[in-house]
Amino acid sequence: MVSIAELMITCMAREIADGDMVLQGLYSPMPMIACLLAKNFHAPNMVYFNTADTIDPEPDFVPFSTAGPKLEERAVAYIPLSDVFDLAQRKKIDLIFLGAAQIDRYGNTNLSVIGDYKKPKVRLPGGAATAHLCAIIPTIIWIPNHNRRVFVEKLDFITGQGYLKGGQERKIKGLDGGPKKVITNLCVLNFDEETKKMRIESIHPGVELKEVIENTGFDLIIPENLKVTKLPTERELKFIEKIDPHKVRNIEFTKR
Amino acid sequence: MVSIAELMITCMAREIADGDMVLQGLYSPMPMIACLLAKNFHAPNMVYFNTADTIDPEPDFVPFSTAGPKLEERAVAYIPLSDVFDLAQRKKIDLIFLGAAQIDRYGNTNLSVIGDYKKPKVRLPGGAATAHLCAIIPTIIWIPNHNRRVFVEKLDFITGQGYLKGGQERKIKGLDGGPKKVITNLCVLNFDEETKKMRIESIHPGVELKEVIENTGFDLIIPENLKVTKLPTERELKFIEKIDPHKVRNIEFTKR
Amino acid sequence: MDLKEAIGRFVQNGDTVAIGGCGRNRSPMALIREVIRQNKRDLHIVGREKGMDFDMLIGANCVRKVSFAMVSLEEFGLAMNFRRKIEKREVEVDEHACYSIISALRAAKMGIPFLPIGGMFESDVLKVNKNMKEINCPFTGQHLVAVKAIKPDVALIHAHGADRYGNIITVGPPFEDVLMAQAAERTIVTVEEILSSEEIRKNPYLTTIPYIYVTALVHKPEGAWPTSCDVFYDSDDEHIKLYAQATKTEEGFKEYLDKYCFEKEE
Amino acid sequence: MDLKEAIGRFVQNGDTVAIGGCGRNRSPMALIREVIRQNKRDLHIVGREKGMDFDMLIGANCVRKVSFAMVSLEEFGLAMNFRRKIEKREVEVDEHACYSIISALRAAKMGIPFLPIGGMFESDVLKVNKNMKEINCPFTGQHLVAVKAIKPDVALIHAHGADRYGNIITVGPPFEDVLMAQAAERTIVTVEEILSSEEIRKNPYLTTIPYIYVTALVHKPEGAWPTSCDVFYDSDDEHIKLYAQATKTEEGFKEYLDKYCFEKEE
């Protein structure tokens, strides 16, 4: 039995190519495990940066806090996050995983406020690296709760730059990088090359297309041959279980 | 018998007040020894920075290269020179010792070229920290060869900012710091408070006023009661001998 | 020096205070609690990705303005004091990205009034934040964002070891701790262990924050509790969970403060 | 990898080359000699306070342009090749102060096209250098100097130890070595010792230049000779004196090169 966390982690790991320089941020349990998974399977030469300021740690198990001391174990070096951001500014970072409280059809994200900025209904935590990095490097957005409160027609605030108003606007405005995929608990999404509108790439096993449509507050592009998300292999699952005996991977789904 | 190096070193050391943050640069043998002298005598709480990127080293003897490994011994920390310059930019550094190939009556210095800049008669080594630091922090200029080729009416090139054209010009231009003293093999010089013209503070024992005047290519202000430079004490001399058994202090006077 | 004297002498009402650590790791919690006990007011707090430290100071009414890229209790939920005070407009918001906070501190460390950076464009964060302005490179014309320096009056940091002169050794991640110490006018550091001066002079390459940046040193083992301190201890997640639950109401937070701050002897 | 392959593959004619070390300390001399043996041309060399390394490259006609704050043989006199070639106008001069060189490299490291600094005003260096421009802060109006980034194509560095992946440990002064490695597109490092990966992973806080910045690693004991390498060896001042005397004439320098560079096996 594959849990949704395990499936999402595997989807994230598969976005990492061998040799990529990848950054995992704070409160990013699934990306953390995805990085370790990728490095131990198909991407041994990836460079793994994280919020514990280390490079390529080899912890025997993962911590709950994704900036926690366990992520220092057997690292080859410390690197302050500032230096990683410098590398990003030089377009040397290939990927970062970012979250979103709201997302629109063009992959713009909100992590700042629900309601009016000056008089918010809900003050959210803030976007961390989002507003800087989404303008310059490729990103993967992960969303553990695919529903209409998250997938909205219009954002209350743009923290993270997606494809802005779609089409070539992002390019015209001189931004680099941009959202490559959105990985949720229901499906994997990408963006149409022309319009930059969100498109279903694959639906997770057991999920109905209807479920995805109903839980999305805007129209998704549905491709002709809808794929089913590839499951993790037995070996991948075993690795996840080994590296995460305390089920850190589930903390976005179940209360601790 | 006190050597001229020992006298100049003592003069430099006396410009360091307890608690000062002081930087010694490259090819600065006498300032290096002056810093160690001051720290071991009247200024135990000074902070000693140097071109070996260390803080407060306690070498058993001084190296010939003033960025040499001996200056790492028993330091409390390494600090890249970039961080020291950052401190200078925040006006936290109290003093740096700088040299000069030419100097004018207002303490402007040339370390770049003799002759035309684009077609120089002599291309000099360059000012190192000079052009940046002379605009922002107090400086002491040391000159081991007080003569008319060095003390000139007009510079070929202003590397280091002194009092510019004198009077209040430096202040008007918004510069901070500025040259406090010029310490030579003949005398100690300072600057008139109003005109910012160079003035004799004291003449070294055994040197005639005439000698100073003849070796200076512009008119110096001569105060009414001309002082004689204070000699190092026996204890100071002993310390210099102990810390400098290889006579690094003399390399600006005699060939190695 | 003890906590009382360090905070009493070196943190003033109205100060801009940079706070070390990241998330629930190596926050200077003993110093934070002392700031609250001494009822400091109108602080402008500055940090990159913060948690309970910021939330406590805000909840205890110490804070006028908050400069941040993220404030959260991670899996334990929103930082409720942060949320409440901003929704009530009782705290001024200076919202940043991680890198713009870092750049603001780097500018202060370098003694320059701004630093140009190459991201942020088209984010509403850039639109609402008056401390960022779009500029062009004087050489290349490249479109950039100027980030205004944030100069901390004081930095609060927890570290591993130091000699009595304040030469600090950290063996864990630097976070913004070193940068904050370099950028601030004054720096207060709590440490797990006091080392001899001889140990420091034997291995000067281990010193991460030289004494020249350190104003006050307090020997305070477990000074980061309930956050983690690398090789010394992990975060006390049970306690942070308790905090998250307590702060769901203002009353709950008050009870928490009474028990774990005002009545705590340290 | 050996010297030949490292320089052959990663240094191209016309490259901007940042060179580590300071004065006669920890210059990457074996790499410098290999650049000369391979007859690289039109290089733009960059460093803060340099000596024999710059002078040799200039004398061997490898250099088109030199960015520097000082080039000197200290007590052994002027760097005569540097002097001659500039007086003959055969090398382009990009004269800096220490801090503006550092700032130009810092800008490259950060990926921004310029960095503002707060000194240099009223120096003729500012007047003659086209890579510095006076600007005003967009927030405060403060008068500043913008220093244009210098992006090295390659950095040459000598260090103490590394594992075979290129995680570098330096225990001496950082000089600009770390900054150059971070700023450059490619970095070539010679080291005194090769360490095991296990040693590196045991103490990650000792790694000063992580492998991500290192393109090529060459195990080259005494790779800094005749300059110093901290705990390993001091500078060979007799040899530097010999160099200073040889370079008094162009013929003398040629003989020196033949004997100590072209005929040297390393």
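Letters A, B, C and D name the chains as they come in the text, with residue numbers starting at 1 for each one.
Note that contacts are C-beta pairs under 8 Å (C-beta built on N, C-alpha and C of every residue); 3 or more make two chains touch, one makes a residue touch a chain.
What you see is a predicted model, and the numbers here were worked out from it, not measured in a lab.
Common partners of chain B and chain D, by the touch rule above, are C.
The greater number of contacting C-beta pairs, out of the two interfaces A-C and B-C, is seen for A-C. Measuring from the averaged C-alpha position of chain A to that of chain C gives a distance of 27 Å.
Distance from the chain A centre to the chain B centre is 57 Å, each centre being the mean of its Cα atoms. Centres computed as Cα averages put chain C at a distance of 37 Å from chain D. Rounded to whole angstrom units, the spacing between the C-alpha centres of chain B and chain C is 40.
Counting partner chains per residue, chain A has residues 54, 72, 78, 88-89 touching two or more of them. In chain C, the residues touching two or more other chains are 110-112, 117-118, 172, 205. For chain C in complex with chain B, the touching residues are 109-112, 163, 165, 167, 182, 197, 200-201, 204-205, 207, 210-212.
Partner chain A is touched in their complex by these residues of chain C: 22-25, 48-49, 68-72, 74-76, 78-79, 82-83, 86-87, 89, 95-100, 102, 106, 117-126, 128, 143, 172-176, 178-179, 228-231, 234-235, 237, 241. The residues of chain D lying in touch with chain C in their complex are 110-118, 131, 133, 135, 137-140, 142, 144, 146, 148, 171-172, 205-206.
Taken together, the chain A residues at the contact with chain D in this complex read 21, 47, 54-55, 58, 72, 74-79, 83, 86-91. Against chain D, in their complex, chain B makes its touches with residues 25-27, 29, 51-54, 63-70, 72, 78, 80-82, 85, 88-89, 111-112, 117-136, 157-161, 164, 173-175, 251-252, 256.
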